[in-house]
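Heads up, the next two complexes both have chain A, just with different partners, chain B and then chain C.
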Partner chain A sequence: MSLEKPTTPAEIGVTEDGLDYDALADLLGGHVLDRETHVNAEGFVIRPDEVQDVLSTLKTEAGFDHCACVTAQEYDDRYESIYHLRKYDDPTQELSIVVPSPKDDPHNQSGARVYDTADWHEREAYDLVGIDYDDHPDLRRILLPDTWQGHPLSQDYNQSQPQIVTLRENANPLQDDKRSEDDPDTMFVNIGPHHPATHGVLHVKTVLDGEQIADIDPDIGYLHRCEEQMCQNGTYRHQIMPYPDRWDYVSAGILNEWAYARAAEDLADIEVPEYAQVIRTMSAELCRIAAHMLALGTFALDVFGDFTAIFQYAFRDREVVQNILEDLTGQRLMFNYLRLGGVAWDLPEPREEFFEKVRDFLDDLPYKLEEYHDLITGNEIFQMRCVDTGVLSPELAKSYGATGPVARGSGVDYDLRRDDPYGYYDELDWNVVTETGCDNFSRVLVRMREVEESARIIEQCVDLLEQWPEDDREIQANVPRTLRPDPDREIYRAVEAAKGELGIYIRSDGTDKPARFKIRSPCFSNLQTLPEMSQGEYIPDMIASLGSLDIVLGEVDR
Partner chain B sequence: MSSDQTPPAVKDVSTQEARMGEGADDRFNSTLREAFGSTPFILTKFDQFMNWVRGSSMFMLQFGIACCSIEMIATYAIKHDLDRFGAGIPRASPRQADVIIVPGTIVSKFAPRMKRVYDQMPEPKFVVSMGSCTISGGPFQEGYNVVKGAEEVIPVDIHVPGCPPRPEALVYGVAKLQERIANGESSPVTVKPYELEQFGDLDQDELVQHLADEIDEDDLVMRYNWDDSP
Partner chain C sequence: MAPESAPLPETLAELAGMDPNSVPVMILMSLIGAALIGTLMMTNTALAGPWAKRKITAAFTDRIAVDRIGPFGLLIIVADSVRLLSKELIVPEGVDRPAWDLAPLLIASSALLGFAVIPMGNGLHLADPEVGLAYVFATASMASVGLVMAGYASNNKYSFLGGLRAVAQNLAYEIPLILTGASVVIFAGSLQMSEIVAAQSQTLIGPLPSWYAFVNPFAFALFMIANLAEVGRNPFDIPEAPTEIVAGYQTEYSSVYFVLIYLGEFIHIFLGGAIIATIFLGGPAGPVLPGIVWFLIKIWGVFLFTQWARSAVPRVRIDQLIEIGWKGMLVLSLANLLLTAVIVGVIA
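On to the complex of A and B.
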């Protein structure tokens, strides 16, 4: 609730100015074969058959309770999986566990028994890169169809050769639409991939026992448009920046662009001018408001089933934000506004008019939010639908790597804007919103209150920008025309996007294109909690949980 | 016939008013009614009338794929309000819809599902493809998993370019579609699976018939000559 972090008991290797990696290496003893230095943290190289031991030691004894991401990649001589570990209490304390595996038969032990979230991440690594994980609970393809041949991000794959997927080879979604064989009292139902409540093209395979959910399996990959390949084929300077807009396309564009900008700027040691940071902060928070408005509108659509009042109100207000963003960036949805080292251009002239427009919006916002509270959170029917449904305990949220409003709705006080500060956030006065209800209602409430906090941030930014001396408005640092970061630098950096921790791993190889570009999507991890939330619940509650997770399939599938 | 009966004084009324008589409510006097003048009848061909009706009342399929669907929702919502053009009721079921807007990138896993949704729509049906992805794959054209345009899977009536197109552009696209339908240019077609095209030019001899019979129509999803695709 405040910018002050609650103090935690000292853990192994924690010192006042960061982590003491020697103490951590001592803890792991002989497991550590070698040590690498990544830009964000040190990497410990371990044997492929000791993954579970190492991870569980680090989780229980060193307090690394957040497995942010699993990156897999292929080198000329080996395969490699990297487990990016951090702490929910202090995400600046990071550690990478590097697991090499042999080129001819790439396999290593799975970490899914230690961190639940590693389950899907390893499936993705298996699907796209082709590493086998031993002792994985359910190792099968996750993004590509089952009939796919080869692993597209491995070196010998021909990416220009399309593959055909026919309906015959792709499991017929209607075929099993009957009572399952092992349990005659259950029924299999497909929800999606074309369904108004799945927020895009999610396919949820459910087994129903009466009206309650006996088993549920989200099937993703219906919008896997090769974002990582696209980014690996683009040059750092200009060709990658348009793609982040299209990950979380619910007008959260600038937040996503910032994730790439932050990672690439830290990789290439670019300092961003302060004035540009303020503009970035302001525009990013405008995006957050727009994204949360849409989340609110579609959630009301899911729960009330109306295409009318609340949904249209939310879109009316979102339209105001979009107009402001259009004035600033020139686009309604795909802003492409940030550049490495700054922003594309200064605020629109006349500046006073722009500030007035933003202030008008901020002045109206409290009344509008009050209206939403009357319509939504104060509504008894809504409360009956949402309070105590879709419960996600803080422990499960952490284990599944949930972040953003999903984690904060479960009382996990984790917000990278405060905990791992970037931009201008640490200079401003605002609060991290948490709710302890752990249910659908809390998650919606967190979003609504975050809109207020975003408005506070924007207001302060507008004040700052208004008073900024005219001869000091530097919007862009000096960045080489062709950016070639030093070879073999590795970085994992994340920002607080609309849905949570949006992280990017980049490995440079000395050329002007990344050798590996991995996206850690918050929705991907958040969606994993859906089975936990909806097991045993009614179908409509599952739909409400799905809505309160606020997933965007463009970001889940990438 | 007595001659002292004088004819009633000629009032200055129009024929229309005279026919409507006293007491008729203003409500009946619509613009359309006025345009017809004294004869409240029009003569037209039935086909033309049907085309006009078809274009003026379109049920859209509520169908979201990717980024463009956000702009598509904005088109339905308050500011742009596609309903003004008689095309604004999104139907959740393909069986109740006659226009499908394809808003976003189609990937290999989704293409068969989209074909199935399209097949479930009753004839006559029309397709508006929205955004660059549905034209060529757009920014993701080089992706290993991306289908290079909606026309690989289903036939398209109107393409709306943009990434994403603004709501105004989509409104224009839909209005153009209505215009085409009303003019009978976009005639309702029964869609044959695409693969049958390759036999279209051949004489229907025994061999062609044999090959055509081998094709399982349920199985057909997209064109097999991806290599020739743009």
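On to the complex of A and C.
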């Protein structure tokens, strides 16, 4: 063993003012066929059969440990997969690996052997766009039923083709007991899609050994609503913004809207007025509190086992946030409050009343949180249930692309609000919360402490808004009525949504509608860690882990 | 004390002016007495299930609950009965018919049988056999058989898991329950319910009565906890565990069968309350108010406790439950039994 400290991998290509893409290209040498410029990063075009080599070189030697997303799309002359790589230490260091594949037989090497997270992302690309990934561990459809004909986002997809498949033709899940072959003593159970603890329509195919989990396979797609395609059919300026509210629909709407707003504004070079940024920051944090309250309440529901006190308390307090958001946006669920270049309207009049309402809520919050700590985290049975169950090591969390409270509960210090600043966050005084327990308990603690931090942010925003000079309250930048970003610009931008990194990839083609609109859902990546967490544990622990992941199926399935 | 100690059938026979020594008269009067007590407990359950449970949980969780129909929403009891009985009874394919049908009946009736030997005050005491306490425990345990039947016969994996969990849980907790009950028997020197109640009628210190809850609070606490597991309420509601195995053994039951199971659960809670009231809280004893009122207050107190636990305490995991049962409760209850035996042996 050498005593010499190896050069830290993150150093290759890192300079004072951003990434030196030339150095990275040198590292990859002949692998790089061509270089593209995307708005957020450079894209290296590589050969379809060298994906694993390139990705593993970048992961081990250049420190790109976060494969945020895999975007697949079809051009007139080729198919293309883009691996959006970033670093957990500094997500502003981004690199896109562009893998073209031939039109007549689209296939390229899978990246799933390098990044575990690519497994599901590539399955989705295969399902919707129709690219085959060689050497993929388990390439089957993920969102659509197994019997689906065609790939809906490919160009030659026939939308009028009927998709009627009878039960007889479909694989009947009841036909055989699906016992695990190497162990005849196991039992197969379908948990979901209709089950009290799946937080929506999630179907977990479970193989049980007694009460312990021998194998689980989350089956998603029951709530797939073609959100990407719908966004591709909407105009940038007006028709896309209502959709993000429907991804993570449990009151995290404004956070989602911000993801689209950020991507589209950067794509079309729109500057957002500072005043609007403060309002956005405040409303987004209100949404985060509401979303975390719900996460807390439903997690308690999973562990306590009934609609008990803590669930109702969380909902009671979430109601206050909902009322504030209703005053601000006019809506309780589907806010549709952000606009490209600003927000829909200014704070409600009389402003003092609104500020007082927010302040009252913030003043009450510490007592409420104390009550939660008494009831939940201080409870010994709760600790018995949650400490050291559903363990997700930091390495696994990174490899699966986990973000948000799930990653921070595993000690991964990653928060886009600080690491890739947007809005007004870098002007404010707040902390990123991490816990190192890596278990269900840590994830709950992270959420509870994040509520405190969000409250701090809101408080500072309210102070700022209160003192804002009256003649400088610009809520909306000048944005053309019909927005047509320059053709062939590509961007991947993400914000820290309630569940983690919510990213949007947009490719423009010169029209007023995106040519490709891809949503990187944090829940989708986080849910992938469930099998790792619950292998060998008891059913109740699996349910608790699922609760602590805090997935919203609207966002997983899109 | 004389009129209260006479069993109910004899009192009824005397009221009707018939000969208490004739066998047919006694059979008839026993049936009438049983119907009376059964109706009383069923009324309690009717009050508890659709109405009180909702109101209590609502109070714990800052809500209002039923208040639309009748005073305090009380007529919800009628509305719910009609609603539940008018539902379609769905019999899933592949259920094991006689067992599947018998299970709800067994669950509901076994708990009801236990009330036969409970002295409820004011002469409401159907029978007073010498093995009273053993009989109560025996009938209460019969429900486990019903749970296994329901779980096994339903042809559903969740039911199956629930049934297995129910057996594991009842095995692990009935032994501490009975051992703790046995410590009371050592104190009272009898299994007969009336004797146990009578033994608690002295005063301990000052105005404090010599109820075994005060004489041996340790045993009382143990019994309360074991009872929670016995009736399957949080933190021990493992056999049902809605968020894990849907509804456990009752997953496939609907309509009247569901009502029977539900009824059985509540009667079981009240039977647990009745046992606690009798062997730890002096039975119907209490100042000013008549015995039956005190008795009902006590069993409702225990009911309230189960609802409190349900609202505030997380559920333990199945392996933790078994561990607590066999490694904790059993050892503690054995220690309690030993301690009681030593104390009674030294003092008496």
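Quick note on the criterion: the second predicted complex is superposed on the first by the 526 of 558 C-alpha atoms of A that agree within 3 Å, B and C clash if a C-alpha of one lies under 4 Å from a C-alpha of the other, contacts with A are read in each partner's own complex, and residues count from 1 in each chain.
Simple rule for what comes next: a contact is a pair of C-beta atoms (placed from the backbone, for glycine too) under 8 Å apart; a residue touches a chain by one contact, two chains touch by 3 or more.
Just so it is clear, the structure is predicted and the values come from calculations on it, not from any experiment.
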Request  = Check the residue A:187 against both partner chains and state whether it touches chain B (first), chain C (second), both, or neither.
outcome  = second
Ask   = First (chain B), second (chain C), both or neither: which does A:387 touch?
value = neither
Ask   = Taking the superposition as given, does A:224 touch the first partner, chain B, the second, chain C, both, or neither?
value = first
Task = Would you sort A:33 into first (chain B), second (chain C), both or neither based on which partner it touches?
result = neither
Task = Compare chain B and chain C by how many residues of chain A each one touches, and report the one with more.
result = B
Task = In the overlay, answer first, second, both or neither for which of chain B and chain C A:379 touches.
result = second
Request  = Once the structures are superposed on A, label A:196 by its partner contacts, choosing first (chain B), second (chain C), both or neither.
outcome  = both
Task = Have a look at where A:316 lands relative to chain B and chain C in the superposition and call it first, second, both or neither.
result = both
Message = A:160 in the overlay: touching chain B, chain C, both, or neither? Say first, second, both or neither.
response = first
Task = Overlap the chain B and chain C contact sets on chain A and report the shared residues.
result = 196, 307, 311-312, 316
Key: chain A to chain C touching residues, read off their complex   = 187, 189, 195-197, 211, 300-309, 311-313, 316, 375, 379, 381-382, 384-385, 538-541, 543
Inquiry  = Help me check something: in the complex, which residues belonging to chain B touch chain A?
reply    = 62-67, 69-71, 73-74, 76-79, 90, 92, 94, 104-105, 107-117, 139-140, 142-146, 163-164, 166, 216, 218-222, 224, 226-227
Footprint of chain A on chain C - complex, ascending = 60-63, 157-158, 161, 234-235, 237, 241-246, 310-320
Request  = Spell out the residues on chain A that touch chain B in their complex, using ranges where they run on.
outcome  = 143-145, 152, 157, 159-168, 170, 173, 193-194, 196, 199-201, 221-227, 229-230, 233, 242-243, 246, 249-251, 294, 307, 311-312, 315-316, 319, 322, 332-334, 553-554
